[in-house]
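Structures given as structure tokens follow.
Here come two complexes built around chain A, the first alongside chain B, the second alongside chain C.
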Partner chain A sequence: MVLQSSLKNCLQLSCILRTPKAGFRSTTSGGLIIQSVSNDVYQNLAVEDWIHDHMNLENRQVLFLWRNSPAVVIGRHQNPWQECNLRLLRQKNIKLARRRSGGGTVYHDLGNINLTFFTTRKKYERMENLKVVVKALKALRPQLDVHVTDRYDILLGRQYKISGTAAKLGRTTAYHHCTLLCNADKFVLSSVLKSPYKGLKSNATPSVPASVKNLFEEDPSLTCEMLLDAIAEEYATQHHIDHRITLINPADEAVLPGINNKTKELQTWEWVYGKTPKFSVSTCFNMVYKDSVLDVKVDMDVKHGRIEVCNIDLPEQWLPPALCSELVKSLTGSKFCPNETTTLATTLLRVCPQDDELHSRWNLLCENMIMLM
Partner chain B sequence: MAWRALWRVGPVLVPRCPRLSPPALRVPAARRLATSSLVLSARKFTDKHEWISVENGIGTVGISNFAQEALGDVVYCSLPEIGTKLSKHEEFGALESVKAASELYSPLSGEVTEINAALADNPGLVNKSCYQDGWLIKMTVENPAELDELMNEDAYEKYIKSIED
Partner chain C sequence: VLFSGSSKKIISKFYSFELLEVCIHRVRSCSSIRFIKSKYVCVFDKSAFKFSHQQRLFRTSAVSCGQIVQFKLSDIGEGITEVTVKEWYIKEGDSVSQFDSICEVQSDKASVTITSRYDGIIRKLHYNLDEIAYVGKPLVDIEIDASKGVAPEEDVVETPPMSHEEHTHQEIKGHKTLATPAVRRLAMENNIKLSEVVGTGKDNRILKEDILNYLAKQTGAILPPSPKAEIIPPLPKSETVPAAPKDKARKIPVPVSRPIVFSGKDKTEPITGFHKAMVKTMSAALKIPHFGYCDEIDLTQLVQLREELKPLAQIRGVKLSFMPFFIKAASLGLLQYPILNASLDESCQNVTYKASHNIGVAMDTEQGLIVPNVKNVQVCSVFEIASELNRLQSLGSAGQLGTNDLTGGTFTLSNIGTIGGTYAKPVILPPEVAIGALGKIQVLPRFNGKGEVFKAQIMNVSWSADHRIIDGATMARFSNLWKSYLENPASMLLDLK
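The block that comes next holds the complex of A and B.
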């Protein structure tokens, strides 16, 4: 039985975290299990960064348990436009985060649990970690048909993916984290992880789509709490440590000095979108205006999330050429972002004559341009 | 490997061998010229498994064979912009492989002058040819003394053996 820890253990953690090399002797030497009290994806990713950067893991391994309110998390070198439906994310107020580990895109909500295994680089071993998870699941429900593939996925019933893995190797430490679907919203998951954007060409790392299933569907008596407890228990057994879980508050600067800066950095546009590997957009769309259908061709190069090169091919004279070239000039260097483009378009329109026809055409073109982002 | 590098440069400058170390076929490190910037040096290694080879003041950086084997198939190379100033030990990019995203650390202080554009479409070059076509960046050498802190090939081989145990 795993006991949720009290404030006392939070203070112990503070000592461990602050003076990792001071030969601190604690009942938790050899291993530590911590759980976040926050459901904010940026705060939780920041905890991972913090542990990775600050903790001495020579004689200690750490298991970090966390859950997030709805968020899409892309891998370090991925393209969010390629991986998910950004418009839908904005509409549904689902956060977008880029993690520092590699791998593909996942959807998190409170029905999904995240596990991070911290070790030294030398002791980095994903298969061992996943075996702990499978063992815990089987101990909880022996009838569960779960196994680990050579891609480090966990499959349920040989068919459905219930867990995906990613990892980061740093100077001296490493972490391996994975998801585990207990009772996530599959409908939202599949709709947000479908990209509507066409004509993207990029060498960003692509995701490998998979059919997923929740453990809850296999056994409705399972809850996230039960899974977390079972996994913590198995981890504790394997590492010969206390079964206690220490709660951690990712906003607490006293326990995790510098954590709020890390959280902020993960939320910046420069990190989330700006880190996207260079890509190009080459697409055509039709605009229906009054009685005619117009073909528009757009070519753009996007680097660091900003439009480096922009080309818009419109039927001649449909809009004043000077205005079009102003649009292209303004777009060049600006963020590949609907808000920024809207602002830009509105600003340019202000210097135009008050011509309803012109305004309608302009708005139509800009709306379509924004749809690309 | 040092002899191969010398021949590419041609007979411009012949480095003096430091001391003779038996057996005679051992590859000697090129001798540094004290008065000018480094002309050519043999490959040096960091304990993080990056290598650097300096020619006419420009260092070419890559990862060692040990590193590329440990990393597995590289699927993406994240490299810095030309002009980026790096300090020794500073993180300058990352390699993503099937195993993990792995940070790259600068072996020396200097400024990035070139990045290997071939890696954008062919990141596997890092695995296939880690010492030649799979080079990562080129940089200036701001402080040649920093090179002395790095391991030569023999020392690096010994280092690998020690950590493998």
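The block that comes next holds the complex of A and C.
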């Protein structure tokens, strides 16, 4: 039987790693179920990296359970501008993370659970893992109509997506992770996953939008805790291992040496935005200035998150051409980022002629440029 | 000479020149032959000589040219036959070590890191980005440096990657050290004993990073930093920071006791975006003839006042630092000396006296120096200034300051004291004409009117002003007025509007 949450124990993970047999019944197919005590998306992603890089999964499989406070997680090769409403994310203080596995964009909050199945590369098998999840759900609530599609989604009532999958394969190890919607905020989910940015062209992996539903809507008695326990129990049964869940703290360097560096790396601009495959922005917007409406056309090429080529087409003489070319020159090479653009635009203003009219036009143009980012 | 010394001897002893020619031919055609299985550095085995006319695959211990091996895309699993190449980590001409990452490919929601099986130099990439690559077909060509000696090779064709640990053990003083051949070579090249290196890989294996860290400690070299966390907000202090360009925290090199191989390299990168704009601003700034004026302020009374007022502000939800007082006092001073709140046009023909006191507060962020300003300080109370500062600081840490907050400043204060230092030589931010840098508050002994020594809270201020329109006397008088407001905060009450 799976123990109650209050009995979840906190084993020293280090002893498990260095002396694999200590603390375990020695079986040929060993296994471990761990759960993160943190809700920080970067810390939890770092744990995945850590296990992937450092743990010997030769005769052992690991199931990692985690939940995050509100965050949008994009796939390894995706374009955040294409996938979500970055402005809204910033306003609502929702974090943006890029994971190392492929696949599409998802919204996480505490009403969503994440499961990561770690194996050696040879034993990588996504369908099996998802079957464990479905089996667990059915054991918990036999009337649930859930099944796995050939795209590795789990559907509820044949219609609504409740789980999406992604995977990462390395030299010797692999992991497959998936989400499971229990009680997430669908309203926020749909609003943040809608991109307002127009005119983007890229080869980044696109997400496939789907109608989603929470398991809670089907059965209000379900909670995330119940789902986690049920899945852990089913996994333990399948792998003939101890049902107990080991809690781990993703900030603990003693247990996970080097983890804080991994967490930091996942938070860098270079990783989150800079890893976006090359894309181009080709758009136009209207600016209302005093009594006239102006058409502005902008073309930019963005590589590694930085503006490689920039072209702004303004009505003639609306701004002194020297100033315009100064703006374009400064934007070239700078990050495709509203903060960076704001600071460089306002800094440039210091060396312009001090003319209120000029300043207000400049500010108007820059604010519109910033809206593109 | 294509053959090793020993085999040459055998050849010349037993075989004809004809055979040699045939063998040479084999070697030349080697680059286009795919390897199936090979043994290593070699000398011909007898069977080669016997069936000399047969196609025989072999490797020679050639010194002049390495073998070109076609590294094939190994099986991904789940019956997948094609993937998309999403990122190359190397380019043609780069040297790679075994287990270095070569590229990232994606297939149906799975992202796969392909690592090199060999040490060598990349000679050809078979795919461009976003092209489809096929399992079992060549991914890259690697030129292997055969003279270095090679670990046993695996089948390069369709079999799934071997699961046994691909490292070699080395007994050093009876103590096993785990390290891959590539890491071992790196250690050897740098005269490092593996037994002295702390391994951080699994099972305490020594990784390349461990060797580099070890080297850095020896030479005091500053390793290229791992990608900085740029999103981390600046220190959540209520004081704000330097006008001077921020120095990254640098490690002080440890004196070297013995000559060590230094493997650090200079790194050049272009100045882009924000820094480019700073270069322009600072170049313009230094065209302004600066003069400096410094003084010492006794903040003992202000420190006490702030302690009393802090909880009151806290109740209203605002964090009260010293800055609001400094800013308000400056504005009161500017009312008396408006030339310090002015702007000189480029031709130096006209001075514009700005009506609003938009006092800028220099803020240090990951990006660099930004200066948001508090608008219309002349009509704001100290509390309102504090509240506005809180707003600007939280926006600044989140990287969300808007253009309005960052433009229109007329006078600037920079609190470098929160980082440290006493006196500074701040640079005026055009189009302004004056700036003040505030040092840290120190507790120092001073004499009072009775000639007694008492504990005083002393802060230094360093002003810079545009000598084209501001003279020393004006600056001094402004500073004295500002100082008097702060040394005796009650006097501010008289002039507050």
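Assume the second predicted complex is superposed on the first by the 351 of 373 C-alpha atoms of A that agree within 3 Å, B and C clash if a C-alpha of one lies under 4 Å from a C-alpha of the other, contacts with A are read in each partner's own complex, and residues count from 1 in each chain.
Following the convention adopted for this analysis, contacts are C-beta pairs under 8 Å (C-beta built on N, C-alpha and C of every residue); 3 or more make two chains touch, one makes a residue touch a chain.
Everything numeric in this text was worked out from a predicted model, so none of it was measured.
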{"item": "Partners on chain A (chain B, chain C) - clash or fit", "value": "clash"}
{"item": "Which of chain B and chain C A:59 touches, first, second, both or neither", "value": "neither"}
{"item": "Partner chain(s) touched by A:344 [first = chain B, second = chain C, both, neither]", "value": "second"}
{"item": "Contacts of A:286 with chain B and chain C, given as first, second, both or neither", "value": "neither"}
{"item": "Chain B versus chain C as contact partner of A:169, first or second or both or neither", "value": "both"}
{"item": "Contacts of A:159 with chain B and chain C, given as first, second, both or neither", "value": "neither"}
{"item": "Touching partner for A:311 - first (chain B), second (chain C), both, neither", "value": "neither"}
{"item": "First (chain B), second (chain C), both or neither touched by A:257", "value": "second"}
{"item": "Comparing the two partners chain B and chain C, which touches a greater set of residues in chain A", "value": "C"}
{"item": "Contacts of A:149 with chain B and chain C, given as first, second, both or neither", "value": "neither"}
{"item": "On chain A, positions contacted by chain B and by chain C", "value": "75-77, 100-103, 122, 124, 166-171, 174, 176, 203, 205, 277"}
{"item": "Sites on chain B touched by chain A in the complex", "value": "48, 75-76, 78, 94, 96-97, 99-103, 105, 120-121, 163"}
{"item": "Chain C to chain A touching residues, read off their complex", "value": "76-78, 86-87, 99, 104, 106-113, 115, 129-130, 160-161, 163, 200-203, 226-232, 270, 272-274, 276-278, 280-281, 284, 343, 345-346, 352, 367-368, 370, 398-404, 406-408, 429-431"}
{"item": "Contact footprint of chain B on chain A as seen in their complex", "value": "75-77, 100-103, 122, 124, 166-171, 174, 176, 203-205, 277-278"}
{"item": "Contact footprint of chain C on chain A as seen in their complex", "value": "17-18, 54-56, 58, 75-77, 90, 93, 100-104, 120-122, 124-126, 152, 165-172, 174, 176, 203, 205, 257-258, 261, 264-265, 267-272, 275, 277, 306, 329-335, 338-340, 342-351, 353-354, 359, 363, 366-367, 370"}
